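Below are two complexes that have chain A in common, paired first with chain B and then with chain C.
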Partner chain A sequence: MKVAMVGNPNVGKTALLNALTKGNFEVGNFPGTTVEKKEGRARVGGREIVFVDLPGIYSLEAHSLDEKVARDFLINEKPDLILNVVNASNLERNLYLTLQLVDFKIPMILVLNMIDEAERRGIVIDADKLSKILGIPVVKTIAVKGIGVEELKREILKDGRIPRLVVGKDLNSKLKMAEKIAREVVTFEKAKLDLTEILDEVFMDRHLGIPIFIVFMWMMFTFTYTVASPLTDLIDLAFSALSERISSLNGIVFALIGDGIVKGVGSVLVFLPNIAFLFIALALLELSGYMPRAVYLMDRIMTAFGLTGRSVIPLIMGFGCNVPAVMATRTIEDDRVRIATILVNPFMSCSARLPIYVLFAGIFFPKLGTAVIMGLYAFGVAVALISALIFRKVLLRGEAEYIIELPPYRIPNLRDVWILTWNRTKHFLQKAGTVILAMSVVIWFLTSFPSQNIEESYAGILGRVMQPLFAPMGWDWQFVLAILMGFVAKEVVVETLGILNTPIAQIMTMPQALAFMVFSLLYMPCLATLATIKAEAGWRWTIFAVVYSFVIAYVTAFTVEVIARLI
Partner chain B sequence: MRWYSATLFLITLILGLTEIASGLKGESIVQMIPGDVFGGFILITISAVFLRGLTTKDYEPFFYFGSTMLAIFGILYLLVLLANGLDAIIVGEGWDPMNDLRVEILLVPLAVPGITLLIRAKKNLPP
Partner chain C sequence: MNAFVLLVIAITFFKGFIVKKKSYGFVASMIAIIFAILMTLVFLATGSFGYGILGYLALPAFVWYRRRLFIEGRGT
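Moving on, here comes the complex of A and B:
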């Protein structure tokens, strides 16, 4: 039996899926899309049931990718039953979707979730009356506590009922009917002060809201990168030791396995703690109810650049590493805004580029090093925001459609946090690992043949061949090779210059160094980031990201070199 | 507890300004108060939360959450300290815990009254 779970965002569908399947669900993508799909299985009363958690949507009018995916699923997959999960605290708004689901003539059960929060707000719903009006079973639940789940399972075994209600096809008829039904079944008792109101006094304060948000972002940043660093170093050490051990054995096969495959797999897995910790932090923010408030606070600023409040978190994460930052764009509902955020994310200077800035700023700007580096970061942000504006006006046009709903705060269920984190992290490994692995073998080949001496390898030859392209910037071939190797990982730029013993101060001028830093800031993302962009946005946008960033980097670096030379 | 909230406001404000000044100077002015512009900004933000409460009739929410934020950041800095120690063991480098011991960690006990009152207030709310 296939059961589709449909409802607005933040109504507790994931918590309900968790409760129904006892955590036995997987996270993937709907075929051909980057929309997240959660699917779980359970045996209920001897019957095998597959629960498919559709993306949270406010309507089925297919204005956004999420809505389209949900609607297509209902039409093409023809589930046996729809569980329409509804937030009891906001019945009228949720009923609009319910009345659209009626048109599909699929057996339904309405799940009135978060009934405890509704009661705390003084909202009382006559579930029996609602059931009579809609003609379908209505079950009250508190999914995070598992309350009402057994009764829901009993109703599922009865296969639900096809709604009898006759509803007008147009938007206005449905809205009016939702309002009418809500008026008939909802009564309000005296409103009680609750924790949400207390918390919102602080977090949504006109003056404090944004500084508090910045503070929480720093907290997430520190948790993701600093607290995760022992695990990152452990993985790095383990794979480096294994790679050395294997490649020390004689034979080209061992060299391929050690220097190519193990090193390549290690270069993916080294990001794993950062990604896992990021997903933990994001899950805590999402499930606690704070995330929509952060989105609301930042929305006005981001809208000026064609983005939305939800773009802020991935952009800030990009200062640490673009890989988890691109993954974090999954929280953006509007596909155009999501793609724009993914495309500009690499301009947020990741931590891997810092060694490049420190090296060159230390040599050429000994007294102004900090100012130069901070200037580079600010410049990257400016390029990102301007690029976003251009993309949204030219390539990804259209007003972003989204609703910001402020759900009640709640203490995240740690089990939900763990399950969400595990499933998303596993998904990252499967998607990014395949491309990275393949490319690492290619790069091993280029740097190992025909000579193990990097200067005489294909990569070194490539550096010399590509050098004329960068002649306008006046860079020697070693710097060109370093830039090319930075395609694998930005840390490799400094490593390459070290291996070549490049006398930087002797063969480079200050304008050339500044241009080099600007180029490093802006040029194409590293392999791991590209693999993640491919997983999230497809090959077309990945190629665009490579070409666009290269062109911007080249033109800007050249301009910087010329201006710096003239000053 | 208004006076206590005022005390926490002053402490976090002074420490925040000291961290910012040290950060701009490029070295720590007072031991255990690192030069950290962003860390100072965080303390100033927390002090602003306490101050906002002091300027309103219902200061409790601001006192509760200022205390909670103080505790969260103290604990996070403690996690950073432990992570750096563990990292040093893994990569085989020397490590002096005093370098990572920050004043924010020592402020965590001062957050206890506010958090205790928050928990009591939550219990008194309808279930």
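Moving on, here comes the complex of A and C:
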């Protein structure tokens, strides 16, 4: 039996899926899209049931990708039953979608979730009356606590009922009917003290809202990078030791396995703690109800650049690492804004580039090092925002359609947090790992043949061949090779200069150094980021990201070098 | 940035005193405790001590605000 779970965002569909399947669900994508799909299985009363959690949507009018995916699923997959999950605190708004689902003539059950929140607010719903009006079973639940789930399972076994309500086809008829039904079944009693109102008074405060948001972002940043760092170091150590051990054995096969495959796999897995910790932090923000507040607070600023409030979190995460930052764009509903955020994310200077700035700033700007580095970060942000504006005006045109809804705050269920984190992290490993693994073998080949000496390898030859392209910046071939190696991972830039024993201060001038730092800031993202962009946006946008960032980096670096020389 | 966090917590407490609303003190103490938990994790991960750990001192204040808010409602 296939059951589709449909409802507005933030109504608790995932928590309900978790409760119904006891955590036995997987996260993937709907075929041919980057829209997240959660599918779980459960044995209920001896019957095998597949639950498909469709994306949270407000209507089925197919204006956004999420709505289109949900509508196409209902038409093409023809589920046996629809569980329409509704937030009991906002019945009227949720009923608009319910009345659209009626048109599909598929058996339905309406799940009135978060009934405890509604009661706290003094909202009382006559579920029996609602069931009579709609002609379908109505079940009250508190999904995060598992309350009402057994009754829901009993109703599922009865296969629901096809709604017999007659509803006009047009928007206005449905809105009026939703209002009428809500008026008939909802009554209001004296509300208990509302935690949501208390928290929103401060979190949405005109003066404190944004500083508090920055505080939470800083905490998320610290959790993702600093707290995860021992695990990152451990994985790095383990894979480095393993790689050295294997490549120390004689034979080209061992060299391939050690320096190519193990090193390649290690270069992906070293990000794993950061990714997992990021997903934990995001899950906590999403499930607690704070995320929509953050989106609302930053929305006006982001809109000026063609983005939305939801773009802020991925952009801030980009300061740590662009890989999890690109993954974090999944929370952006509008596909055009999501693609724009993905494309500009690499301009947010990741932590891997910091060693480059520190090295060159230390040599050429000993007194102004901090100011120069901060300037680079700020410049990266400026390029990101201006690029976003250009993309939205030229390539990804159109008004971003989204609704910001402020759901009630809840204490996140730790089991939901764990399951969401695990499923998303697993998905990352599967997608990013395959491309990285293949490319690492290629890079190993280029740096190991025809000579083990990097200067005489294909990579070294490539550095000399490519050097004339960068002649306008006046860089020697060692710097060009370092830039090329930085394509694998930005940390490798400094590592390459170290291996070549490059006398930086002797063969480079200050304008050239500044241009090098600017180029490092802006040029194409590392392999892992590109693999992630490919997974999230497809090959076309990945190639565009490479070409665009290279052109911007080249032109900007050249301009900086010329201006710095003239000053 | 850790100093910025402590500053925001302090300003939130201060605003609560000015506008006479307990919700600000409640939220400020809550943020202080969350920050203290995070600084504890940072200490365990890196050995680096941050003054944010002292946020645990806000626990009695959090309990007091929570009790007063749920018994008396908002305001003084």
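Keep this in mind: the second predicted complex is superposed on the first by the 567 of 567 C-alpha atoms of A that agree within 3 Å, B and C clash if a C-alpha of one lies under 4 Å from a C-alpha of the other, contacts with A are read in each partner's own complex, and residues count from 1 in each chain.
Rule of thumb we're sticking to: contacts are C-beta pairs under 8 Å (C-beta built on N, C-alpha and C of every residue); 3 or more make two chains touch, one makes a residue touch a chain.
It should be emphasised that the depicted structure is a prediction, and the values quoted were computed from it without experimental measurement.
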item	value
Side-by-side fit of chain B and chain C on chain A, or clash	clash
Which superposed partner A:P472 touches (first chain B, second chain C, both, neither)	neither
Greater residue coverage of chain A in the superposed arrangement, chain B or chain C	B
Touched partner set for A:I212, first chain B, second chain C, both or neither	both
First (chain B), second (chain C), both or neither touched by A:L234	first
Touched partner set for A:L199, first chain B, second chain C, both or neither	both
Which of chain B and chain C A:R120 touches, first, second, both or neither	first
First, second, both or neither for A:G168, with chain B first and chain C second	neither
First (chain B), second (chain C), both or neither touched by A:G135	neither
First, second, both or neither for A:F223, with chain B first and chain C second	both
Chain B and chain C footprints on chain A, overlapping residues	193, 198-199, 201-203, 205, 207-208, 211-212, 214-215, 218-219, 222-223, 226-230
Residues of chain B that touch chain A when the two form their complex	38, 41-42, 45-46, 48-49, 52, 58, 60-62, 64-65, 69, 72-73, 76, 79-80, 83-84, 86-87, 90-91, 121-122, 125-127
Residue ranges of chain C in contact with chain A within the complex	1, 4-5, 8-9, 11-12, 15, 21, 23-24, 26-28, 31, 34-35, 38, 41-42, 45-46, 69-70, 73-74
Chain A to chain B touching residues, read off their complex	116, 119-120, 192-195, 198-199, 201-203, 205, 207-208, 211-212, 214-215, 218-219, 222-223, 226-230, 233-234, 237
Chain C-touching residues of chain A, taken from the complex the two chains share	193, 198-199, 201-203, 205, 207-208, 211-212, 214-215, 218-219, 222-223, 226-230
